[in-house]
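Okay, so chain A shows up in both of these, paired with chain B first and chain C after.
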Partner chain A sequence: MMHPMRRTLTTVWEWLDDRIGLAAFQAIAKKKEVPVHRHTLWYYLGGMTLFLFIVQLGTGALLLIYYRPSAEEAYESIQFLMAEVQFGWLIRSIHHWAANLMILALFLHMFSVLLLKAFWKPRELTWISGFFLFGLSLTFGFTGYLLPWNELAYFATRVGTQIIAVVPVVGETMLRVLRGGDDVTGATLTRFYAIHVALLPATALVMLGLHLFLVQRHGMSVPPSVEDAGGPKRVMPFFPNFLLRDLVGWLTALAILAALAAYLPAELGAKADPFASAPAGIKPEWYFMFMFQSLKYLPAHILWFEGEVVGILAFAAGGVYLLLIPFIDRHTGREHTRLFTWITIGIIAFIIVLTYLGYTANPTA
Partner chain B sequence: MIRRVDWSGLLVAVVIAVPSGALRAQAAADSAAPDMCASCHASLPMERLAGPVTLFADDIHAHQGFGCVDCHGGDPTAPGFASMDPRRGFVGRPVGRQVLQVCGRCHSDAGFMRQYNPGLRVDQVVEYSSSVHGQRLMGQGDTAVATCVSCHPAHQIRPPSDSRSSVAPENVATTCGACHADTVRMQPYGIPTNQLERYQESAHWEALSALGDRSAPTCNDCHGNHGAAPPGVGWVGNVCGQCHSVMADYFATSRHAQVFTAMGIPGCAACHGNHAIARTNDTLLGVGDGAVCVRCHVAGAGGGLVAASMRQAIDSLHASFMLADSLLQTAEQAGMEVSQPQFDLENAQTALLQARTAVHTFVHDSVQRHVDEGLEVTASAITRGHGALDDLRFRRVGLGVSTGVIVLLIGSLVLRIWQLERAS
Partner chain C sequence: MSDAPRPRSGTRRGFLDWLLSRTLTTWILSTSLGGLIVAVIYPVGRYLMPPASGESAASSVTLPYTPDELAPNSAKIFKFGNRPGIIVRTATGELRAFSAACTHLGCIVQLREDLGHFWCACHNGHFDLNGVNIQGPPPRPLDAFEVNVRGDQIVVSKGA
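The block that comes next holds the complex of A and B.
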């Protein structure tokens, strides 16, 4: 005798299966397996990033209810949200902290994939789609930072957008297009808003769909060191074993987000005043800090070029290197060079050291 | 009696009557001629005679194209001592009234001065004649008093906007003090010499010197510059009222204004002093320690009661403001968004300022009106502050509950995973 609740669920399942073919999804879920070895922990980072992205979509949609995208009202609408709207502070603070945690998870995910060679054939496109998602996330962060229209965001955006002007030939035009004028104004705010809430989510969802499809198609990559040692000793079913473990991680992230929102709610600061002088200590978000700090150390001129131009071009070259790494560091057999692993370790060390210096070095020294 | 004839009117008339057009033509001619004065004096071994050449190079008159002969007369094109022949207009070093004639020849000519500085006043000589300095020089022939060059040292005259100038706001006190703090020089006049010392203890000097506020008052702002004189008892309020206009207006219509005038007490200075005007605070008001009201009033009666009630009203607003400010700051430091109530609280600060200003009416109700306005604002801010702190507690409790739920869920998931792994 079936339990009435179970009978109801079965009826609902059958109804849905007749119409959208749930059994096919069930078959895929049952078939999907996750290798178990000493590097399995890194597999959870992609799911963690996805979870935080979903949190961003949810909280971002709620923020849209109160946010007003104009230089006259943006700051006041956030102020109202933080002080007057029930749980407005919680939604904004979670959006703020989840953005930071998502980019942190994304950095870890990207570098774990790099070190574990998960971009090797046949996962080149998975890597490229992931790299674009990384770029989109940084753009999410850059455009979202300006939206509260506060003093720090205003001046940091002024400095940040100015960097694009160093691009040879088209830099000045690109700067004006990005800002919607010669300077950061209300026009910049509205276009950053449009990019942040419409263009980026739409592009990111398409790219994410492709990325997840490719992950599903090729399955989990097994690191070369594990393969060299005879392959993984065992596997675990994705559903429910791996998914339940994912859930543990997501719930932990949720608890961390709640604590951060309660104890370190997102700050608002003073309203942006384009006519005021720039406040001391303008710094970009932490994930741009290594680039910001590197540019500071460059001399005014390197050979016949401006130091800043060389720096920007070097970062652009670094981005192209990472994008094309599956075609540069190819898997050609059992023997593989460790050169690219060391380059990756060098990049990680560079980012950590420059970020550390960005927060500790005396800016006037 | 002859010695007491007032020559000032005559001098003013002479100064104004002498046309400066000739000087203009002379200046143009001189600029083309070789300047023998500078070339000879620069090579002289006596600092007294050679020094002016070096100093004058940075004088505002040199910058405007004037030369030695414009003040000293003579002929710069003639060689040697011939250039300093009185027949060639040489006047040498002007002293006493001569200084006024030399300076006033240009500075009293509006048409001439307009070419160089249209905004500059041209009544300095007239004003000077009304000053104690001018009265003594022209009325009594006292050549020890200050003339133009005492404050604007010859050959190194700079505009007041130049911080090196002797009449730049930050230097005026020491310029006046060069004579007025000199006990020997002031002995014949029988006036005190501690003004500079006392002024340098004042809030005005602190604002000028420490805070760099060049609009803060110095000697000439109260005493006048060219027409320098000590303010009379009846018009001290007008002097202070140049800046403290609201207080002066309140005071002028108060009972104290009439009584002070009748008693010969100098308005503002009676409570605030003159040169050593200290930064005010609420302790000046009332009947307690440091209160100035008890110098005339008896505590517990009449004016003493009014003073005490005004003080109590201001204290109540101040205490309420401090409480509201503290609550909002605590909430802000805890990350709560309280910028709007903090902004609103500035109105209470304004009301407190207005109440303190209204003390100069010496009427309790005038003070209480502003205190009531301020208390309304602080009451609202205190409610908002308590609300923010309550909200903060709610967040912390909410965090505890949600963390508990999440931990329970994680525990149950771990248990389920363990069961699954065990079954497989």
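The block that comes next holds the complex of A and C.
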């Protein structure tokens, strides 16, 4: 005799299966396996990034209810949200911290994929879609930073957008399109708002769909060091073993988010004033700090170019290198060169050192 | 269209052959598709260009304060149309005005009274009281304005 609850569930399952074809998904879930070896830990970072992105979609939608995108009202609407709306501080603080943790998880995910060579054939497109997701996430961060319309964000945006003007020929036009005029004004705010809440989420969801499809299609990449040692000794089923471990990570992330939001709520600072001097201690979000700090060290002129043009072109070249790494560092035969691993380690060291200097170096020296 | 070979189902080559052989269909599709794309991209592109803001044609402004309100070795930010300017009274009592936008990446500079010259907080750029870039990343001097005192009024105008 079947338990009545189980019978109901079976009926619902069969009804859905007839219409959607659930059995196919079940078959995929049953077949999917995750290799177990000493680098398995790195497999969790993509899922962690995905979880934090979902938190961003939820909290972002909630923030839209009170936020007003105009130079006159944006700052005040956030003040109202933080001071008057019940749990307004919590929603905004979680959005703030989940953004930071997501970028952190994304950096770790990206560099682990780079070092473990998970971009090798046939995963070139998985890497490229991931690289675009990385770019979209940085753009999310950059556009979201301006929305509270405070002093720090205002100047960070002035500097950050001015960089576009470096592009030859069309730079000035692109700058005007991005800012909605010659300067950072309320017109910039509405543009960033549209990008942040509509354009980026739509693009990111499509790109994410492609990325996850490709990850599903090719399965988990086994690092060359493990392959050289004879391949992974065992595997674990994705469902439920790996997913349950994922869930533990997500619950931990949620606890960390709640703690950060409660003890270090997001700050608002002073309202932006387009006719005030940039305050000392002006700084971008931490994930742009290494670029910001590098620009401080460049002299006014390098050969016959302006210093910052050289710096920005160097960062652009770095981005292109990362995008095309699957075609530069190719897996040819059994031997593989260590050169690209050392370049990656060099990039990581550069980012860490410049970020550290950004927070510790004397701002006027 | 009936003379085109049928797609050999399942083979990629077959599908491509089928697609390319339909010259008429392809021609109609690509031209109308092209037309559609142009019809969408052109207006959207123009839409994204911000309308020319009534940029202040003003070539001079009268500041909202008197010369006495500026003590030696102090400076104030003022609006020159929709751009920020900075006016400084030097230790010797002279009034000078410059565009306040740093020539590096456009932040607004300030007078560092302790250093006795202009400083940009964004990337640590330094300018002397003639607006000349003396240290850090700024590639050229601040744009200078002309300052005239007419009785109680300070009038700042674009240099000749």
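Definition applied: the second predicted complex is superposed on the first by the 365 of 365 C-alpha atoms of A that agree within 3 Å, B and C clash if a C-alpha of one lies under 4 Å from a C-alpha of the other, contacts with A are read in each partner's own complex, and residues count from 1 in each chain.
Criterion: a contact is a pair of C-beta atoms (placed from the backbone, for glycine too) under 8 Å apart; a residue touches a chain by one contact, two chains touch by 3 or more.
In this text, all values refer to a predicted model and were calculated from it rather than measured experimentally.
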Which partner does A:A280 contact after superposing on A: first (chain B), second (chain C), both, neither? second
Could you say whether A:L339 touches chain B, chain C, both of them, or neither, answering first, second, both or neither? neither
Tell me which partner A:G181 touches in the superposition: chain B (first), chain C (second), both or neither. second
Looking at chain A, which partner touches more of its residues: chain C or chain B? C
Looking at A:V169 after the superposition, I want to know if it touches chain B, chain C, both of them or none. Which is it: first, second, both, neither? neither
If we overlay the two complexes on their shared chain A, which of chain B and chain C does A:V159 touch? Say first, second, both or neither. second
Considering only touches as defined above, state whether A:P240 meets chain B (first), chain C (second), both or neither. first
Now for A:L303: first (chain B), second (chain C), both, or neither, which partner does it touch? neither
Overlapping contact positions on chain A, where the chain C interface meets the chain B interface: none
Within their complex, chain A touches chain C through residues 155, 158-159, 162-163, 173, 176-177, 179-183, 187, 274-282, 292, 295-296, 298-301, 306-308, 363-365
What does chain C use to touch chain A in their complex? 48-50, 53, 55, 77-79, 82-84, 86, 100, 102, 104-110, 112, 119-124, 133, 136-139
Quick one: in the complex, what on chain A touches chain B? 79, 82-83, 89-90, 240-241, 244-245, 247-248, 251-252, 254-255, 258-259, 262-265, 267-268
Chain A-touching residues of chain B, taken from the complex the two chains share: 335-340, 395-396, 398-399, 402-403, 406-407, 409-410, 413-414, 416-417, 420-421
